[in-house]
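First up is the structure itself, then whatever we jot down about it.
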Amino acid sequence: MDQLLQFVFSGLTVRAVYALVALGFTLIYNASDVINFAQEEFVMLGGMVTVFAFAAGVPLPLAALLAIAVAVVTGLLLHRFAIEPARGASAVTLIIITIGASILIRGLAQIVFDRQFHSLPAFSGEEPIRVLGASILPQSLWVLGGAAAIVAVLWLVMERTLLGKAVRATAANRLAARLVGIDTTLVLAFAFGISGAIGAMAGILITPITLTSVTVGTLLALKGFAAAMLGGMGNPVGAVVGGLALGLLESLAAGFISSTYKDAVAFLVILAVLFVLPQGLLGRRGVERV
Amino acid sequence: QAPIRIGSVLSVTGPASFLGDPEARTLRLYIDRINQSGGVLGRRLELVLYDDGGDANRARTFATRLVEDDRVVAIVGGTTTGTSLAMIPVFEEARLPFISLAGGIEIIEPVKPFTFKTPHTDKMACEKIFDDLRKRGLTRVGLISGTGGFGASMRTQCLRVAPAFGITIAADERYGPGDTDMTPQLTRIRNVQGGVQAVVNADFGQGPAIVTRNFAQLGMGVPLYQSHGVASRSFIELAGPAAEGLRLPAAALLVAEQLPDNDPQKPVVMAYKQLYESTQNQPVSTFGGHAFDGLMILVEAIKRAGSTDGARIRDAIRQTRGFIGTGGVVNMSETDHMGLDLSAFRMIEIRNGTWRLLD
Amino acid sequence: MPSGRLSPRLATVAGLAVLLFLLWLVFPSGFFLRIATLVWINALAAVGLNLLMGLAGQVSLGQAGFVGIGAYAVALGPRHLGLDPLPSLGLGLLCAGLLAFLVGRPILRLRGHYLAVATLGLGILIWLVLNSEVAITGGRDGIQVPRLVLFGWRVAGAATWYWINGLTLLAGVLVALNLEDSPIGRALRALHDSEVAAAVAGIDVARAKLAVFVIAAVYAALAGALLALFNRFVTPQAADFLHSIELVTMVVIGGMGSCLGAVVGAAVLTILPQALTVFHDYEHAVLGLMIILFMIFLRQGIVPGLAVLLAKRPA
Amino acid sequence: MARRQRMLRVEALRSGYGRIEAVKGVDLEVSSGEIVALIGANGAGKKTLLRAISGVQPVTAGRILFEGAPIEELAAHARVALGIVQVPEGRQVFAPLTVEDNLRLGAFRRGRAETETTLGEVYALFPVLAAKRHEPAGRLSGGQQQMLAVGRAMMARPRLLLLDEPSMGLAPLLVDQILEAVVRLRARGMTVLLVEQNASAALAIADRAYVLETGRIAHAGTGRALLDDPRVREAYLGI
Amino acid sequence: MSAIAAQEIGISFGGLRALDGVSFSAEPGEVFSIIGPNGAGKTTLFNIISGVYRTREGKVLLAGEDVTGLPPHRLAARGLSRTFQNLQVFFRMTAEENVMVGRHLRERQGVIGSLLHLPWVARQNRATRERARELLAFVGLADRARDPAGSLPYGALKRLEIARALAAEPRVLLLDEPAAGCNPVETEEIDRLIAAIAARGTTVVLVEHDMKLVMRISNRILVLNHGRMLALGSPAEVRGNPEVIAAYLGRHGAEAAHASG
């Protein structure tokens, strides 16, 4: 019983970071149909900039803000100098550009920072909280809470404001969006900027638990992407549901089935879900008619 | 006169970069030093270094490039066991001495004519740990390893040698690269039928730090052992207070200051440590030390051979006796292309946030 | 078409053949031949993937999984089944094709990014098995591959491999081009744009997609087998996600839907990392930058992009 | 009638797709409060011309003046802000968004308060849209999507409305309604440039009209005059 | 025997009853039109008949055989073809290649032969291309054969779809608003086209809002309203039906009468 509880805690807290990464994907996808493979670099920048600023004596909250700012600026630069010049290119072309950007950002980060692993102090201590024989780190609750807060804000913006609708409209039909007066360039810049911020927050929140280095993001991004698809691409709530579901799956598989093949179990379940629900758990059904 | 070209292929970037990076720094640092003091055989040394990013296929391509294009006389490199194994046939065919910096025992067993290595093998790490466990009277062990190259091959070795030490591996759990939370695996180990008396973690990188923290979080209440894969200052920082009391086998370099003054390794490791830390602005790790050892063994062999001919250098390397490196005292032979024994490993405990030499 | 002129299909193949011959004459060292050989091998996988992605519009992020199956077949066949490398290779192609056939139907019902994540999962599953079943595959550190012996002839030497792989690629390109220029090829291109219109035209969309998925898998497996035989060594990296991404990037950089583009893309991504070693620490940054620039300035890919540029220039 | 001010003036406009030139030097004027019809065969360049005016199609030469000021350098969204709004060919609704979101996005550049009244007007004109306000636009029937496209443009309260075949796919009754609505909108001060295949209906409500042939203006005149022009009758009205 | 028959077709989307008890049949060589207000269910009926949508209510018979629920490609093999109201053109292909795809069912498909490009493949490609050219000429697009479909104007794309559908040599052809985007002169061309198709014995089922065209060319007309059959009869009958006038035609009934009279 306490064993099950431990697996559930493990699945829902630390791994809530998948949800955060998935959210970052979702936002850019929502605006442009593009899977941003540079998303993982935002996560990396969030962690690394905070670590280096903190080490240089900047107080932790300020260091975190600085990291978010760096990631936002990186997102904006990525949009301005890599995505915008290729305006009108197909989604696949843009995706390859984000792959190039990912390699570029990481290459530069390896020079600016170093290739070591780093950590940050936990925000509210290391003392584990014990519940019914299972234990959670306080920082894990930060991750979960952060994910909840971010998704709430994002959901409100996307579903309840005209700006959010403009983002979705831009992805749905770029030509029509321009014809109703949406500055699609601005919308995309917004998406990349905010996505950078979300990525950085994910990086900052998890670094005290999972540590960081310039190569930390790759697998995280892969799982974030899978989580986004499991939840149903384009839906912020789906991203979170997908992220938590993937986390839970992984930890239950590691706990009860096989730690060697826990990722395999997770992916098999994703395949099974997509087989039944080709649009993911909460994805919007196709709406095109002939 | 033309410089003597020494080749190297390291995983300077990618998942093993924190091994490859100090290795590359060490090679550059010492080749400069050697050149400043007049080179070898009156000739300058030139380092040709490629970054394989941890990819075995790329490593093999660079190996070919070193042989055919750069025409190096010998190679010091190969950060991981996988990249080393991929390169070996190239160097063997070209009959060029190759000193690998990776831990896997497959590199030198069976012995290949031109292949050597400097780090202790993962098998030795298992033996050293099991030896310590036996002394403490602990026999039921939970093993948790990363699925990366280092972790996977050390796991294999530990499973293989455990019976010889009377150790039972009661639990065998694994985690993937980039995993952020190992509490499910550790919970399983804790709850295994019959319980465990100690846990051994085989891996390098951030995995062991997370395992150590999760271990404390869960209050496992048994001793934790890590491998020599965590033998760098940053591990203690990363693992934090959770690391208190854990043990690991490692090279003397890690506890340079604590070595008794009569320890033959002391001057060597102190000198390396001081030079590295003063020039590189980062703490030493034993990984850079392996590169130092490899380079020095090679340079002395070239001097002894008085030639840059591959076969002659190889013969000279084989005759290395009593070489004192950061990893231990090296005695090579026709049948032993590493030349270290278990005494090269020191058992170390973390206490008060720093390494403490135990034996 | 004036008689005596080659069809574009045969012209492409003839051009490649001439290139193959010229490079062999020109290259001074085995190293260059080795790089060229790797280009041919990667190109083979990319040409197959281009049929799936460029022609039929079905993205696969798990293609390296099939590369891995082919590669491990030639390593494991001789070791565990006592087969010679050549039959092992055949077995590998069969396994890859069969696996693609079995999983293809459910997976290919998915579209776009959902298909991408499903193929990604498939690739990761294959990689995980290769990585974890240490007793059989040697695990993460990889495994040796025996030398290829063809009817008593021990295949060795850079030039030999250069020719074997070069000619295999030629055959692969020819077959791919043949396919494009057939009813099946037109069916694939059609369903790329509109599955329902293709179906109404009488095309069994599910079957066509499945067929090209299997063909692409066999191409990938063949490339994997050749890579392993050539390297005489294989690690699970052959099957890993980054390799899949690399293959996709080759296809897109070269030009989606262009067979020649796939070859060019493979050449660019195989040669660049070698050429960029002169930038030392900046190697990765420069590689990323170049990918971005390629895609900005030749957004349909190198081959179609250059074709447009050349066409614009007044004759 | 009071002297009308010139609202839109297109001078020697050229535009196309790569090497294909679709608009080959068009001069055209629309005064404020006018309905100007533009008719022409398939491929004459009507879509291209309207898109160039809206700023979603690059212009290779020529000028576009809106109330005397050149706008060819302005981005599309800035032209919408000036009051130039288009109902594009092929409907171009935001398929995954609901009908109501589509309409509200039509008023993207306007204040919230006015939006609600206009929304009511659109729903009054097309009651079926009100009934389906929470459906994704992509699920509507073809004609319903066309209504949505027209309604979305009305939401912007444009000063100059560019209509690319607003009657396409609409039932006969609705075609009349749409054209009547256009006339009513004019009465409220809106200016309209109307591309219509239903040429006789378009010419009947137009103050003036242009005939576009392979990228060039072939005829121009009042709606009445063109309706009576035998060449136009034969080539475009089929009479 | 009817070339095509629908019996008691019904379908619901959520709460919406899009079709309810719709039946009709059309004979070889007949031009059978379906009209009705926007959203009446005309396109949905086409989607069901051609296998794009599935429903449990009702039956579809093709030349007397029950084909209910067959997927589109199987129906195509039995001689049914269609065009789309929302264009479904292969935009990455040329106009000619679009029509060549339409020949799919009339082509030999040997995989091995295709991979090896055996002589019959080249021969067949030539024949298919030739046939595609003829069809493009038939719909008036001969001069745009080599153009990418994406560069064709809207009206041309409608005709391209007709050519592609004809390429399969269907026995039943469903046309969904073929004249949308065409001016009256171009519509007359379509008129002639449809007449020629029907004259060859092909059954044409036509959905169209251009009443002049419909009244002029149809043998019989089915009127749908809110998913139900409002009327079925000859053009004259339908035109005079007050319910049809109120729901759909308005004053256009008279205008259309003028056109066909």
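Every chain is named by a letter (A, B, C, D and E) in the order it is written, and numbering of its residues begins at 1.
We adopt the following convention: a contact is a pair of C-beta atoms (placed from the backbone, for glycine too) under 8 Å apart; a residue touches a chain by one contact, two chains touch by 3 or more.
Worth saying up front: this structure is predicted, and the values here are computed from it rather than measured.
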item	value
Given chain B and chain E, the chains that contact each of them	A, C
Pair of chains joined by more contacts [C-beta pairs], B-C or D-E	D-E
Chain located farthest away, centre of chain E as origin (C-alpha)	B
Chain C-chain D separation of Cα centroids, rounded to whole Å	49
Chain B and chain D, separation of their C-alpha mean positions in angstrom	73
Rounded Å distance, chain A centre to chain C centre (Cα mean)	31
Multi-partner residues of chain A (each touching 2 or more other chains)	110, 218, 260, 263, 288-290
Of all residues in chain D, the ones touching two or more other chains	139-140
Where chain E touches two or more other chains at once, by residue number	43, 52, 84-86, 88
In the complex, chain E residues that touch chain A	43, 47, 52, 84-86, 88
Touch list for chain A against partner chain E, complex	288-290
Chain D - residues contacting chain E, complex	17, 20, 39, 41-44, 47, 89-90, 128, 139-144, 146-147, 165, 168-176, 197-200, 234-239
Residues of chain E that touch chain C when the two form their complex	50-52, 71-73, 76-77, 81-82, 84, 88-93, 97-98, 100-105, 107-109, 111, 113-117, 121, 124-125, 128, 164-165, 167-168
Sites on chain A touched by chain B in the complex	3, 6-7, 9-10, 14-15, 17, 110, 114-119, 126, 128, 135, 137, 206, 209-211, 213-216, 218-220, 251-252, 254-255, 259-260, 262-263
